[in-house]
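Look at the two complexes coming up: subunit A is in both, with subunit B in one and subunit C in the other.
Our next item is the complex of A and B:
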């Protein structure tokens, strides 16, 4: 059975030049991923691994001075990077939408939340104001905001973080997008609110059959929520697998490191809490992105880059020495 | 609604102590002005006896505290004293001069807004191109030009060379029958009076001074609008609107709405400034405005007009700031 590939990112590289334009940090380094229709994929990585930039790259809205230096983003057989600005504007918020974190900071403080939901309906789907208002209220009900008719007229600062996040979800789902990207949607929320928001997102996405890339730093959330898991490190996807197999038997040394961070061994924990340093690198030197921190590194790893190999079924790894048994 | 009234009421109560404070400070400051009013009034040939009588008449023999108390009591009755230069009550003088200045600055600021705001908006949205260059250079020059110089240049071009406007001698040609005074604004009063001759003539007299003040004050309005809008376009909510695929026009409208408080602020500051600050233009055009009146008072140690002007313009400023606060309350729901 040919399963439809909704998103296919091929060797995407994003560079951020330094002030003098003498060197550049590769925030994304030949990142590749494939997403099937209806899949919920968790994208897990530490701070600075490139998760947020990946989400912005799909929208082609990399903050300057960053730029896409190479690669393709194929969405429904169309390379998004080839599109003109006007065409991309029609896709954002409509075919692909983004759930941001820090919802109260991202909403317009001078417009009611209802009006902000209506904006996307009016501009993307040509709704009239009254049609949009009706749909917005039903969306507010879908995201389980109590008393949606009066909440329609609320301003962002009047809502709690959890409520504002639900509004952001409502805006993201308003036009029934095919692909939803959730960028750290639940950070900063209470644990109980987090759980509610996740259940809500899960339900709504599965109902509509949309695909979801769920970006998080929290492995536990990924385990609970996703079908597939992708691990990103220093701008590259290093492993992909379905959730059950991943937690039973992680293949990439970095995946093992991530899981080991939950162990009680202080030594391993120390390595894990080391902050990722993004130094300008000479990207012409070919080596594995993880070799400097890898306990399984061999000489080969410092001289050539591993390819992303499909080992079997859902499992894909970018490593010369994938682990045979979990540590 | 209730919150609004509470807010309004609280602000209103503060007006009275503020006015008292202003009265006190300006009264005391005026005592520092060199020059003996009695001497200036009586002339250089007056005898000491005449001067003494004059001083007692003016109440200059009493202590400063006593003088202030007398003044304060009079103000409460509506008596702002007399101007020895015009020999009329200050209240009468101001009733004539303030509307002249107000008409001038309201029209000028309207012109300034209609130039400054669109150019500022365009300047923020466009990083390059002709419009952007126009906005940049306009802001530069408008700040550098002196208003009286520009006024004189306009008079030269439009009156002396091309005779397009009437002579710059006040608000109305002396042979035109003035309309009945209702508001003090010649434009409004001549319409109410159906006196179209007066209307046409007063428009002619208003063109150059309004053009002068309008073009110059458009500069700071443009700069403020542009700077604030640029900031708003970098804010998270603008980036989020872009992520949602909203069209540029909508993003600009949101950014502008968020910039309004700054624009309102600068207009209110300019308004307060121009009540006295339009004096140079008033002098060039012999406008008979309030600023001119006050400056003459200072130059001739004629205290009552100066005090009267300070008081009334302070009152105006307070009213403007009150209106501005109400506008903020209306625009920004976070102030509730």
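Our next item is the complex of A and C:
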């Protein structure tokens, strides 16, 4: 890979120990990721897959008692895991920013939204208040908030969910960060508003040349807005590809199941869906994370763990029997 | 079976004399064994309609008849032996609608307590209900937090079907779930309907689920039905600009289906306190003209297809005739049938 990577994560693992500290659950298991400048990568997974933990790991905000047990996070040739706390504070919100879902819960209810945008600018860029206010209003205008001058003085409760999400985006974009992480940012919004917010985010990211990690559980969003796609299941990235090829030819059985669940065709669902087991899992045995739900599972899958293998070009998959199809 | 006629629900706001017009003159009916979907964004009044049907809200005006009986007040439902237990509800958030301190069999049994059944009968029905939603009996004594979200929602469904209702109101039953769990719940609901002949009122903004499960749909905007009819007709030939906008903002997982961005709606749903005097969509509609300042009449397009837009003939031309979801289905078949 000759091209310069803005972010490269190498075999990152995150563990959460149990109460007695005797064993630990791998929430993220050897996840690797490479992100070029200006690229949008979608990280698709269901709840509990570890997609949010990956975003928190990049920001160095893993909630206790979880910890990063292994791996590297190289951002602009700097290993973020080696940094002191004060150095990381300078990167968060300045070079890397996070857009969260539940915008109303993240905004301070006691401060005007304008003030909250100004805080970021004053803290990171040493703006004076009047400079910051000017910039904040132009940011509100960029995210298409009508009448930004008067909205500057609005409190979060005066805004609708869509508006509040735009304010969060404005805060995230305030310092022209090189990397933006959107963690399920549009899942709580109505469809028409979601489309607007995504179009806006897409446009702003492309204009400013930032890179974007787009965390979502909606394959539809990934198909329309990302360049690369990564599918994550139970803490492991199981497939990586560029978006065009992924939707033509998904290789991992889980990717196929995920895609099939968006289709309403009973025939398709019958092929890919396996009977759901209700038994708790024994995590001490090394096996493929998906073997219990996999239609292609062979005996091998139940006692050894597949490695991530590169098939060709952008395509990588963690599976012993990837799906073959005639194109 | 269920007829809702000119239903109106207004809420007064505290302090000011303003009135929130949550539901405004809504008329529809649901037949036996049929799924009727109410589609709309938040603030469109779809949940309020559901609450009126259950007697949780008292309608400001209009009539609701169910199995020939007039309902509309909670006392009508509680004390009427014909209706008692015949309407049930499945909620949006399974984790918040199941009592965390009750064991699963008690949760599912609860709707039967008011029906005067013996303990043995109740037990039998609870077990049947568990079997219907395909949860093994050994889970009867677990607590809700021991199950995943998808399984919790199955318990929500088990609780709804245990009293053998004629009508189940499904208030966004899938929107909190992951894609695979969502597909699973929708299939389960369809199967139950086939077996028991229950009618569903499916309240949702998830158009792909609506397309799959419902025979008829009504699209709501600011408390009014702006288009109503058979769902295959509306999905393939939508007439109202809001329906077009809604359909074109759905993101289906394929890179080959491009969204018609020109049909997108600008802005957001206005406040239901001061309704616009003319067409309620005028401020967001890409097709708005002078005529739209007047209130549009409800027009009949064909048998049971109604639309309320003054310019629906011109608008309809902008949607290419192919059903977007149908197209995706073909694409998905090409990729996934291997």
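In the analysis below, the second predicted complex is superposed on the first by the 299 of 327 C-alpha atoms of A that agree within 3 Å, B and C clash if a C-alpha of one lies under 4 Å from a C-alpha of the other, contacts with A are read in each partner's own complex, and residues count from 1 in each chain.
In this text, contacts are C-beta pairs under 8 Å (C-beta built on N, C-alpha and C of every residue); 3 or more make two chains touch, one makes a residue touch a chain.
Quick caveat, the model's predicted, so the values are computed rather than measured.
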- Have a look at where A:108 lands relative to subunit B and subunit C in the superposition and call it first, second, both or neither. first
- Query: Taking the superposition as given, does A:92 touch the first partner, subunit B, the second, subunit C, both, or neither?
  - Reply: first
- Query: Which partner does A:243 contact after superposing on A: first (subunit B), second (subunit C), both, neither?
  - Reply: second
- Message: In the overlaid three-chain picture, which partner chain does A:124 touch, first (subunit B) or second (subunit C), both, or neither?
- Response: first
- Message: Applying the document's definition of touch, where does A:162 land relative to subunit B and subunit C: first, second, both, or neither?
- Response: second
- If you count the residues of subunit A that each partner touches, which comes out higher, subunit B or subunit C? C
- Query: Touch check for A:33: first (subunit B), second (subunit C), both, or neither?
  - Reply: neither
- Examine A:218 and indicate which partner it touches, taking first as subunit B and second as subunit C; both and neither are also allowed. second
- Message: By the touch definition at the top of the document, which applies to A:61: first (subunit B), second (subunit C), both, or neither?
- Response: first
- subunit C contact footprint on subunit A (complex, rising order): 46-47, 146, 160-163, 190-196, 198-199, 217-224, 243-244, 247-250, 256-269, 271-273, 276, 278, 323-325
- Item | Residues of subunit C touching subunit A in the complex | 41-42, 135-136, 139, 149, 151, 178-184, 187, 205, 207-208, 211-212, 245-246, 249-256, 259, 261, 264-269, 325, 328-329, 332-333, 335-338
- How about subunit B: which of its residues touch subunit A in the complex? 236-237, 239-247, 250, 254, 257-258, 331-334
- Which of the residues in subunit A come into contact with subunit B in the complex? 59, 61, 63, 88-94, 97-98, 100, 102, 105-111, 119-120, 123-124, 155, 157-158, 171
